Amino acid sequence: MENIIIEIQKGIIQGDAQRTKEKTTMALLQGIDPEKIIEEGLLSPMVGIGQRFRAGELFIPDVLMSSRAMHASLYIIKANLEQSKFFDKGLIVIGTVAGDLHDIGKNMISMFLESQGYNIIDLGIDVPASTFVEAVKVHKPDILALSALLTTTVSEQQSVVAKLKEAGLRDKVKVIVGGGPVTIEFAESIGADGFGNHLFDTIDLVKRLTEN
Amino acid sequence: MLPKFNILTEEQVQAIHENTMKIMEEVGVEFSYDPAVEVFKKNGQKVEGHRVFFDRKFVEEMVAKAPAQFVLHARNPENNLVCGGENTIYMPGYGAPFIHDANGKRRNATLNDYDNFVKLAGASKNLHMTGGNVVEPQDVPDEIRHLKMLYSHITNSDKCFMGSSSGYEKAKDVIELTAILHGGLDVIKEKPALSCLVNSVTPLKFDDRMLGGLMAYAEYGQPMVIASLVMSGSTGPASLAGALSVQNSEVLAGITLTQCINPGTPVIYGSTSAITDMASGSLSIGNPECSLFTSASAQMARFYGVPSRGGGGLTDSKIADTQAGYESMMTLLGASTTGINFVLHSAGILQYYMAMSYEKFMVDDEIAGMVGRYIRGMDFTEEKLAFDVIKAVGPGGHYLTQKHTRKNFKVEFFRPQLSDRQSYDGWENGELDANARATQRWQDVLENYTPPALDEKVKAEIDAFIEKRISELKK
Amino acid sequence: MSAIFDEIREAVIDGDEDLAIELAERVIEEKLDLVEAIEKGYISGIEEVGASWKAGEAFLPDVMMAADAMKSGMSLLEAELARTGGEEHEDKGKIVLGTVEGDIHDIGKNIVGALLTAAGFKVYDIGIDQKAEDFIKKADEVGATVLGASSLLTTTMRSQGELIEYLEEKGIRDKYKVIIGGGPTSKKWSEEIKADGWAETADEAVDLCRELLG
């Protein structure tokens, strides 16, 4: 393996965005195939990081920092590469429902999905049902992910699903729900396609839904 | 009473204050509710959009207007409580949507559960209030939940309780209900009888609902807990001093707003700050860091001259097991020995506020009794020093048949209601662990509990008010 | 007349030893019915305390003080009964209690004694550091058939076995039931030394005596 690829891997593992970016630029200058940089330099260490995270050896900030380094590198590669299959894993529109200002759970899920190669459109917090519907219409995502952290706002997830039906878009997108007070029973009762209980769960769920 | 101990030096308290003032001046706090932003504008604070940048002199002046202590009035005056000073008030958990049954099975909480927990708190010798929002009764529609919950507190016990802070309208409903119970709005303005919980949205934000609630309680002079829950590492810095500064900024911003609206409104400095579990990203509360936040908050509240809220029987466990016991004991003991006044979540909480458990409630009730005894400390009178009886018994005798013994053991010793102090053989006959004994005990308490009678006329008035509001709200 | 019996009863319940003695003296002076005073006064009082104990309403100091008050008052009446040759009050059984040779621990034995008294047994406490002969001597003197031997030390447990060996040697093992107790003892130990029963707590000792004497 080229030394420069090993350098990029080190940058990812250390979560050092600056270093990863510099080494990626150098690799491109050396004429290394961008697909190879992605596969060997970025994805390969990210798989290991994911495994070590699940094993409890690494923690959320470690993974997010590595993910950030990967995206810094991808940003540079993108300029040199029209299309890569890495960016094709799927598009996810995500947001916290109306009346709810909780951000952190949604953000963590977004960042994790991004690190897995999904494209994310984050609508933010306190998002009205109509905005979700509009986003589905415009962006045609594979998955719509709804977050609610309050017992008083979980019912808003139901209204989003209802509004999608009204707009005739329900079968155009998979809807997944999550958040502290949300249960699998609730997800089923509102006709969602899935329920994300925690981080790993949600990643596996998205993987399942996008591969089908 | 045990002297409350400090965990921060005076210099450290000052450092948190300075850092907080800098945050409030330079970073600011966001208030999504326009009427609240208007209040700050009127008071000459710099506002950009919804973000308010505070002047430190102004904050210090406003916070100084809040009373150091106040009396919370119950319908039975024997249950009135002094909030502040050396006092410690225990009450049930708040806001959990789920019930975890003894076997660990999870289900949605109902109004029946709500009534049960209010009754258990009413019957308890160790809990001083019946709390508020003791579970989320998910079988009651959200728009009328606040009425049903308050009704439960009013009818099932004569101890102090809390009401909804979920928006201006709901807050007004529960304030008016409490006024009926106590004989009018003027009466409760003089003698506060309702309190509520106002939570910030960390970092550095307050939402519409909470601000609406805050403004209603402030207008009617009812006490409120202004609380912040920083998840250190995710919604706040991973350093405890940094997270404490974020919390302090939010709480002071909230207190400042209450004093702008109605100077002298009783407020309680609240903290539920804890850490982020970095393996799952979820909140984690049954830990030493949470206890440090709680203890530091008691001290910051003393520094600002207001009562404090924090701690409780806090755990991340899913059932009333050993983990639930040791985590809860740490957090309740920590809160109580460092001087937290208003201890929400003293009983019943499991899994970082997500669930209530009947078994855990009884375990926590026992912990509250033990800690309550502990912080009462030792009495030092001539009689308590007991020289005469020591002389009478002399070397080699025993004290079991001394009048002094009989008189004193009942007041000096805490008598457990749940703990097993039997012999091995006694225990073996049944082999019940604390969880199983707790099941027997809560069922027994509920079976034998009679709610204190409520004046028929007052009850009719309350019933009529609730009926009227339900029909209006359901439209 | 029954007023004084109620007073005796109350004195026992209150654990007021001085008053219990004073009232016994008055009963004798006024030549009241001694057996009635015992049963309606002293026994009735201790039974009530025993019941409260069972219900978890009375505690050790209550029971022990009541037992002391009862014993002190009643012993006066019993002496008078013996002097006047009256009919003896009937108890639920007689028990000799003591801590074995080499052991000076008192408190556990005292608690057992009080609870047995509260349960209606007649208890003869011979004290601490007692040899096998002392147990037998007292038992024969008062006509007791149960010997309760307490030991709190691993080094003195052997004396419990020696008490039984002594009975065997003298060929009088069948005349007595020997029960043992104390911190380091166990059911297994009691079987090993062929005791007739073992109790871990004072309550269990009461149950055991009920079984043996019932």
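Order as written gives the chain letters A, B and C; numbering starts at 1 within each chain.
What we mean here is this: a contact is a pair of C-beta atoms (placed from the backbone, for glycine too) under 8 Å apart; a residue touches a chain by one contact, two chains touch by 3 or more.
None of these values were measured; they are calculated from a predicted model.
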Closest chain to the centre of mass proxy, which here is the mean CA position: B
Maximum centroid distance from subunit A, chain identifier (CA atoms): C
Centroid distance [mean C-alpha coordinates] between subunit B and subunit A, Å: 38
Distance between chain centroids, defined by C-alpha means - subunit B, subunit C (Å): 52
Length of the line joining the C-alpha centres of subunit A and subunit C, rounded to whole Å: 79
Contact set on subunit C toward subunit B in their complex: 15, 59-62, 64-65, 68, 104, 106-107, 110-111, 200-201, 203-204
In the complex, subunit A residues that touch subunit B: 56, 59-61, 99, 101-105, 108, 151-152, 155, 180-181, 183, 198-199
For the subunit B and subunit A complex, residues of the former touching the latter: 32, 95, 97-98, 106, 108, 136, 138, 142, 166, 201, 205, 207, 209, 231, 233-235, 238, 276, 278-282, 354
In the complex with subunit C, residue positions of subunit B that touch it: 396, 398, 400-403, 405-406, 409-410, 422-426
